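One chain, chain A, links the two complexes that follow: it is found with chain B in the first and with chain C in the second.
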Partner chain A sequence: MRVVCTACSCLCDDVLVKDKVYHACRKGFKLIKGEREETSINGEKSSLEESIKVARDLIDGKKLLIFGLDNTTCEAQEVALKIAKDFEATILDHSFIYNIQEFLKLPSIKLEKFRDEGYVSIFWGSNPHNSMPRLLSRFIYYPRSGKRQKGYEEDRFLVVADLRKSETAKIAEKSKSGLFIKIDNDYELIKSFIRVIEGKACKYLEVAKVLKELEKAEINAIFGGGGLLRNLKDAKLFKELIEKTGVYFVPTLNKANHRGYIEMMIKKTGFLAYDFKEDTNLSKDKILNAFKDCDVALIVASDPLRTLPYELSKILTEKKLIIINSLKSIIAKITKSVVISTEISPFSGGSMIRCDGVKVQIERQSEKVSDLDVLKMLMEV
Partner chain B sequence: MLDFTKLMKFEAKIVVVDDILLDGEVARALISKEFAKKLGINKSGFIKIIRNNSVCFEVKVSEFADGVDVVLPSGYFSAKLHGMDKVFLAEVEKCESADTIS
Partner chain C sequence: MPNPMEIYKLLPKTNCGKCGEKTCMSFAFKLLNGEKKLEDCKPLYSKEYDVIRKKLEELISIVEKAKETGLIINEELCIGCANCVVSCPVHVEKDPKNAGIGRGIEIDEPILRIENGVVVVINLSLCRRYGKNRTLCVICRENCPTDAIAFVEEL
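Moving on to the complex of A and B:
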């Protein structure tokens, strides 16, 4: 059967699952063939109905925190938001680590259009070799498509700006049609671009070559990863760079439906984290308190011990937890919690938003309960 | 013979990144060839990073850590060290084993 892989926000729709898994990258393979979570209560196997009942009893009348959601479908995210409203809970995902809201307002481009017409791709604080392994081969650097039939030999130019020489940086450095800029400070690189455009001297001399390459085509893009999004306090200077160079911006968020969560939250609440009890936005400085104050945490499709700073993840391990997840997670292993196993999203049906903002439909291929089903059951029981 | 590298501490520039795949129950990291040589590690070994809490990592000498001394995958172990800063300086010394999740 043909499935949409949800291992990263590339959302590849050409993955075949038969006796073997075809076309998937190693992240996709790990998702599809990875060891599944088992439904349990405090480490002992239980039925779905029993776990849902215990989970609901835990939630009722308690201060609830809903966390995760970046790897689940848009439909499940909406039900989670409804639960947050109904139970006056706090809802948040990983977005507070990044400064992403401002970046999503920048002019963006669909990956298919970039595949057909794009020339310069600048990966800034991003290492797609590991975070989105098929991005370069499907859309950015290697494809021969549309106006770019000569592929990476002549029709593409890859720039990697990073503070370490990542695998992608090595590709750029070795290639005749590529360039690696080793940076210490993101602001300095932005300033270098702006200064060269204004005809002034700058810190990073490679910028002049990049600007020369940008002039060769109309469609060029910056693919900003966690390194860029986390380090820039605001997008003002970066916006100026985008305006002056005329390049597009695509966030390379590696969590499958991170963009879906952000778009839903901005549309429905105006903020990325929200406390429905206080009916207010949860700013960065209040997040630690939100973790401390909650009685129960509902974790959906996430492993906070892998992704959150220790100050926060440590607090979670001391709380009562309800974990809705498909693959084995560290948090389920080391805590006594209610774990509800669900089908992985490539088989569970629904929709997700790709990193460039395109909505991708996922066909339901399995009868096993999905994150959406479990969240609905939690509401209705 | 006494291995003097076991007694040496060095300051290292450490970067925590989201996009390297080193999942597992053992703390793992990448280390630059130059820094490994300083510590006396050939192909792979163990290091202890000391900052707030001390955390031990199993390291592979790898050229992927070019540009910085140590690259840590973001996750349970590295989170104990970095807080919200993903680039930091810390003391590093050679040790005998890596931390595991238990």
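Moving on to the complex of A and C:
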């Protein structure tokens, strides 16, 4: 059967699952064939109904924190937000690590359009080799499509700006049509671009070559990764760079539906993290207290021990936890919690929003309960 | 990658001809090309050559991993990015609407395909390095970000 792989925000729709998994990268294979979580209460196997009932009892009347959600469907995210409202809970995902809101207002481009017409791609603080393994081969650098029939050999130019020589940087460095800029300060690189445009001297000399390449085509884009989104406190100067160079911006958010969560939260609350009890935005400085103050945490499709700073994840391990997840997680293994096993997203149906903002529909291919089903049950019990 | 002289130095150097070659040097070349096997050298399996034979086996083990085109894939390093599949000029020509534009390759017998998250060799006879009129194409290796692909002549 043909499935949409939800291992990262590429949302590859060409993955074939038969006796083997075809075309999916290692991340996709691990998601599709990885070891599944088992429904349990405090380490003892249990039925779905029993776990839901215990979970609901845990939530009632307690201060609830809802965390995760980046790897589940838009529909499940919306139900989670409704639970947060109804139970006056705090809701957040990994977005508080980034300063992403301002970046999403920048002019963006669909990956298919970039595949057909794009020339210069600048990976800034991003290593798609790890975060989105098929991004270069599917959309950015290798395809021979539309106006770019000569592919990476003549019709693409790959720039990697990073503080270390990542795997993607290695490709850029050894290619005739690529360039690696080793940076130690994002602001300095932005300033270098602006200064060269203004005809002044700059810190990073490679910028002049990049600007020369940018002039060769109309469609060029910056793919900003965690390195960029975390480090820039405001996007003002970056916005100026985008305006002056006319390039598009695509955030390379590696979690499958991270963008879906961000768009939903901005639309419905105006913020990326929200405390419904105080009816206010949960700013970065309040995150630690929100973790400390909660009685129960509902973790959806996430393993905080793998993704959060130790300071925060350690607090979670001391709380009562309800974990809704498909694959085995470290947090479920080391804590006494209510674990509800669900179907993985490629089979569970629903929709997700790709890193470039395109909504991708996922066909339901399994009868096993999804994250959405469980969240609904949790509300309705 | 060992060179023929390194191999030759370890051989009996008697030019006995038992392997079907006139000289041990010729045997060394063919051993590296994969046209001969170590077992073809009969004297090497006598007791006096035990230590030397083990050294030779170590050297040749690198060559034996290689496919007919000299291709060596280290699956442990591969992350299934498919750069090799999509950049391969043969794949682009044979499957322009899938591999050519970055999608998973759909022809029946491609050279390489991503299966269970890593690249596997399916049909090397399509490779530009295969057969008499071969070229020393290294595009798949050049675009591998993890060095999971290598060719024997470059080791």
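Here is the rule we use: the second predicted complex is superposed on the first by the 381 of 381 C-alpha atoms of A that agree within 3 Å, B and C clash if a C-alpha of one lies under 4 Å from a C-alpha of the other, contacts with A are read in each partner's own complex, and residues count from 1 in each chain.
Here is the rule we go by: a residue touches a chain if its C-beta (ideal position, glycine included) is under 8 Å from a C-beta of that chain, and two chains touch if they have at least 3 such contacts.
What you are looking at is a predicted structure, and each value in this text was computed from that prediction instead of being measured.
Colleague: Will chain C clash with chain B on chain A after the two structures are superposed, or do they fit?
Modeller: Superposition check on chain A shows chain B and chain C fit without a clash.
Colleague: For the combined three-chain view, what is the angle at the C-alpha centre of chain A formed with the C-alpha centres of chain B and chain C, to the nearest 10°?
Modeller: Result: 60 degrees at the vertex chain A.
Colleague: Who does A:138 touch here: chain B (first), chain C (second), both, or neither?
Modeller: The answer is second: A:138 touches chain C but not chain B.
Colleague: Go through the superposed model and pick first if A:182 touches only chain B, second if only chain C, both, or neither.
Modeller: In the superposed model, A:182 contacts chain B only, not chain C.
Colleague: Pick one for A:225: touches chain B only (first), chain C only (second), both, or neither.
Modeller: In the superposition, A:225 touches chain B alone.
Colleague: Looking at the overlay, does A:288 come into contact with chain B only (first), chain C only (second), both, or neither?
Modeller: Neither: A:288 stays clear of chain B and chain C.
Colleague: Considering only the touch criterion stated at the top, classify A:309 as touching first (chain B), second (chain C), both, or neither.
Modeller: first
Colleague: Let me test your reading of the model: by the given contact rule, A:381 touches which partner, first (chain B), second (chain C), both or neither?
Modeller: neither
Colleague: With the two complexes superposed on chain A, say which partner A:266 touches: chain B (first), chain C (second), both, or neither.
Modeller: neither
Colleague: Can A:167 be said to touch chain B (first), chain C (second), both, or neither?
Modeller: both
Colleague: Quick one: classify A:26 as touching chain B (first), chain C (second), both or neither.
Modeller: In the superposition, A:26 contacts both chain B and chain C.
Colleague: Tell me, in angstrom, the smallest C-alpha to C-alpha distance between chain B and chain C in the overlaid model?
Modeller: In the combined three-chain model, chain B comes within 9 Å of chain C at the C-alpha level.
Colleague: So chain A touches chain B in one structure and chain C in the other; where do those two contact lists coincide?
Modeller: Touching chain B in the first complex and chain C in the second, residues 26-27, 129, 167 of chain A appear in both lists.
Colleague: Would you pull the chain A residues touching chain B in the complex into a rising list?
Modeller: Listed in rising order, the residues of chain A that touch chain B are 26-27, 97, 126-131, 162-167, 182, 225-227, 230-231, 254, 305-311, 313, 330, 333-334.
Colleague: Flag every residue of chain B that touches chain A in the complex, lowest number first.
Modeller: Residues in contact with chain A: 15, 17-21, 23, 25, 63-68, 71, 74-76, 79-84, 86-87, 101-102.
Colleague: Inside the complex, what are the residues of chain A that reach chain C?
Modeller: 12, 14-16, 20-30, 33, 115, 129, 133-134, 136-139, 142-145, 151-152, 167-168, 170-171, 174-175
Colleague: For chain C, which residues are in contact with chain A within the complex?
Modeller: Interface residues on chain C, with respect to chain A: 78-83, 85-87, 92, 96, 98, 100-105, 113-118, 142-143, 145-146.
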